[in-house]
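You will see subunit A twice below: alongside subunit B first, and alongside subunit C after that.
And then the complex of A and B:
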């Protein structure tokens, strides 16, 4: 295995990592955040190391269940369990987003836990992002971002200048371009990186300072060029869903003659925020547009058509054969999305397997059976198509 | 040419041995503590019946929940594909297979080569499986294999409305305490399980002919209720419906031995 990949997997497999610890030694404050609508550039410009919150290493939900109910999603319960066990005591602060009704409750619960003397950073922030995607929502989102900036300034004296924001946007733009290069290596005829490895990469780069992330990505790209991580006969899959942070889950899928070549995941293509055509020159306005109009998830209630087109474009560009769409139990947003996607995929003749699972555990046997049967089904369909094509050629 | 298939599920394990494409032996046993032990035992019994030994097997494939733990199998295949091909092998007119096993149920659509074209499988609960029937039979105080026969004697079958196995169990106890007759409650149990399977089947286009496999297919109460709910008549299979998964695995192994070009129609029996 590539040495860089091994290092990346180690970073992805733990809450803390040597890069983060080094940054903290240099007195750089770490700001935890939830969801893709919290602009990392803004936190970086304010002098923080943005750290995407995760439930990695979770061993249960006992503490989390004292604040959340059994019908809250397992990611939220597990992540909050980690919070209460003190795993995140290195954070200078944390920003919760109204990503969904499950995750937004982390803010209320964390504040309450703090009052009770349970582990919590000095400052907690709530960022409210619009649930619709339209020009009028831009203004509201920008106002919310300004409120957050003011909050950071009041709490830490961290003032963000336009110049600093522009510089941070440039660094993150570089990360964006490097990740795009990785996606290109992943979707080539014989992928240079598996889906499980890719998830580790994306988890790692959101847990280290962006400068280190860019360096890791550059070295990784150099190392894996020409690598063959799958077979040309493997069924090419696109993985669709929300929160997924277990590379071992994707590895379970890839135990079959299959490889994930494209995705639409939170730790995936939704981390890509390309510059928008009609971006303003002023950095905050440009950033607001970039984040609001980046590939959305079902929390954006009026964007299904655009999202669907982007998804099927990515599917076609990657040469994928089939889609596996996953949701966590009790996630209504993704439940509705998969229902709609199933219909769209059927109309396009694309095989789609819907899976429901719990974060970090459970139901492995059933998932294995479903995935294996699905891969066999796609293999059969592909073989028959090939036979028909051969027959046509012969005649 | 000897091909074998071994299906280790949650409650039973099955082995089928094909000699030149024909079934020469099959065995069903209750599972042991480890899947590997169940596989070893059931295959040994099948080999004894066929007067063969392990080294005579040219190729063996495994299926079922224990499929990964079977050392003597060269490859594992999902039980969905195996039940599809197994049923198709017995009757090539079969296009839909309903498999109700110990802990899951599947509705499988197959093409004209016996290959899976679509499927649905229970994922949220065990209501609609053999395990659910086992729990409810216990609550009723009867043996699992009596449920089907008892329900055929029902005069005023009760209605079990809960969808969860645990609540169904409470409902069975309620009817029992209320003095309802055992056959009437048995009818309600079978109907409730059939409803769960029918609800799953609605996600798949049911094409006839359809067959029912797995241990629960031996319960005539569930089968007749399911036929009513789906508006179809299941085509009886000429082999024990419980061995169909192992048969499918054996046919996959047989086909691999023959090579893709040399596939031949297999005769069951």
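And then the complex of A and C:
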């Protein structure tokens, strides 16, 4: 295995990592955040190390369940469990987003826990992102970002200048380009990186200072060029879903003669925020547009058609054979999305397997069986198609 | 289900037949009162083959507790519900655009256009008028089609109703980002299934002037959208009249809510809950105002005389959650335990008055009223929107206990459960957390729910 990949997997497998610790030694405050609608660039420009909240290494939900219930999202329960265990005591602050009904309550419950003397950073923020894509929503979102900036300034004296924001956007743009290169290596005929490895990379780069992330990505790209991480006979999969942060789960899928070559995941393609065509020159306005119009998730109500087209474009471009769409239990948003994707995939003749699971929840046996059966189905269909094509050629 | 097996509007037609039969009867509210008294117990206590088709209607309209004067008001609202169903089941006259509107939206704007409004989730309630298995049939249809079982049952009814051909084809759909993920998600499914253009109100998280302005701006966008899809111009004078009616209706209902602070309470939350149903289907109608006015007069009369809604009020309940619609418990609790729900989550009205002096003011205040509609008011935003209102109820309504439904679709509510429990505990009052659902009787049977409520009252020496 590549030494960089090994290092990246170690970073992805723990809450803290040496890069983060080094940054903290240098007195750089770490700002935790939930969801892809919190602009990392803005936090970086304010002098923070943006850190995407996760439940990695979670051992249970006992503390989390004092606030949340059994019909709430297992990611939220596990992450909040770690919060209450003090595993995130290194955070200078945290930003919660109105991503879904489960995660938005972290803001309420964390404030309550703080009042009771339970572990909490000094400042908690709620960022509200619109649920629709349109120009008036763009204005609203920019206002919300300005409110957040003001909040950061009031709490920490962290003022964000346009110049600093532009500089941060450039650094993150570089990260974006490096990740795109990685995506290109993954979707080539014989992928240079597996789906499980890719997830580790994306988890790692959202847990370290972006400067270190870029350096890690550059080195990784150099190391894996020409690498063959799968076989040309493997079934090529696209993985679709929301919160997924267990590389071992994707590894379980890839135990089969299959490899994940494309995705639409929170730790995945939705981390990519390409510059928009009609973006303003003013950095904050440009950033706002970039974040609002980046590949959306089902929390955005009026964007299914655009989302669907982007998804099937990525599917076609990557040469994928089938889709595995996943949701965590009790997730209305992804439940509805899979209902629609199943219908759309059927119309296009694309095999789609819908899976439901709990974050870090085990159930490997059942998932293994279902995936195995699905892969066999796809293999058989592919072989039949090939045979038919050969027969046509021969006649 | 195969295409052939589906009868178009089968459930709605059944509900319509029941309303048709009830309409002439309600011209004689005294007779209704005495018929109910005579038939009371068998209808009230248990569902059987004989009563299952109309027991729900009986319970929803107050069982044996509503006075003849209350029945007069009920008759007026039933007429509105009849017209609502009739408009899409048996349409007559020139065809009007059919606009679907999500159940937590306020429909004043729609009334200012010449359109038919249809609220997909009302099928979950009105469906029961066609028999108690109706809602379940719709829910199962949605689940069988692949909708996630964890969706709110109202959302499943909205989608299942369309699949079962219970809903008219929409020319356009209006929805919002409140109150929950089920709405956010299910309307994407409805847009996709119906292929109708959809407008989404993005409900702000906070309640401040800036948020109201954002919402108001969207109302202008909504008007533009409706003008485009209907080919009509918005009738501002009609809207003004509707807003005046809404103001009067809300004022009456809000006062009924406030009068319930008195001990004994001169009204029950069931008076308000029934209006909630009417409100969804026919908000801003003169009948809605008349219903509110009569109920208000009746409650005020009782209040002035120092009389309660119940002859003997023994337990004052705060029901701070959705009702159990498939088994309306109020008449049974009243009769069996002298328990009256003095404040609730759904029926209670806390509204702004709309300034109709200028179009601009009207839209600004409509934004405020929309964001204060039941569920939008409490569920969308920080937990304080929920807990602060609960706290006010505890302080002002002299409650003896709380009942919560723990509706399985309400994930945001479940995620704030500790905060709610803490508040109950702080009050020192007993709280019952039922594990059931608003419309789906598969989650807990009627009998089980009643047993839990009865045990709760008895074990806390409330009855």
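We adopt the following convention: the second predicted complex is superposed on the first by the 395 of 395 C-alpha atoms of A that agree within 3 Å, B and C clash if a C-alpha of one lies under 4 Å from a C-alpha of the other, contacts with A are read in each partner's own complex, and residues count from 1 in each chain.
In this text, a residue touches a chain if its C-beta (ideal position, glycine included) is under 8 Å from a C-beta of that chain, and two chains touch if they have at least 3 such contacts.
Here the structure is a predicted model, which means the values were calculated and not measured.
When the two complexes are overlaid on their common chain A, residue A:336 makes contact with subunit C while staying clear of subunit B. Within the superposed three-chain arrangement, the count of touched residues of subunit A is higher for C, of the candidates subunit B and subunit C. Shared-chain residue A:137: touches subunit C; no touch with subunit B. In the superposed model, A:391 makes contact with neither subunit B nor subunit C.
Of the two partner chains, subunit B is the only one that A:369 touches; subunit C does not reach it. Of all residues in subunit C, those touching subunit A in their complex are 145-148, 150-152, 155, 175, 177, 180-182, 184-189, 191-192, 198, 200, 202-206, 210, 214, 217-218, 221, 382-384, 408-409, 411-412, 414-419, 422.
Those residues of subunit A that touch subunit C in the shared complex are 66-69, 71-73, 76, 98, 100-102, 104-105, 107-109, 112, 126, 128, 130-132, 134, 136-137, 140, 143, 298-299, 301-302, 304, 327, 329-333, 335-340, 342-343.
Residue ranges on subunit B touching subunit A, taken from their complex, read 65, 76-81, 104, 111, 113, 115-119, 121, 123-124. Across the complex, subunit B is touched by residues 355-356, 363, 365-366, 369-370, 372-373, 376-377, 380-381, 384 of subunit A.
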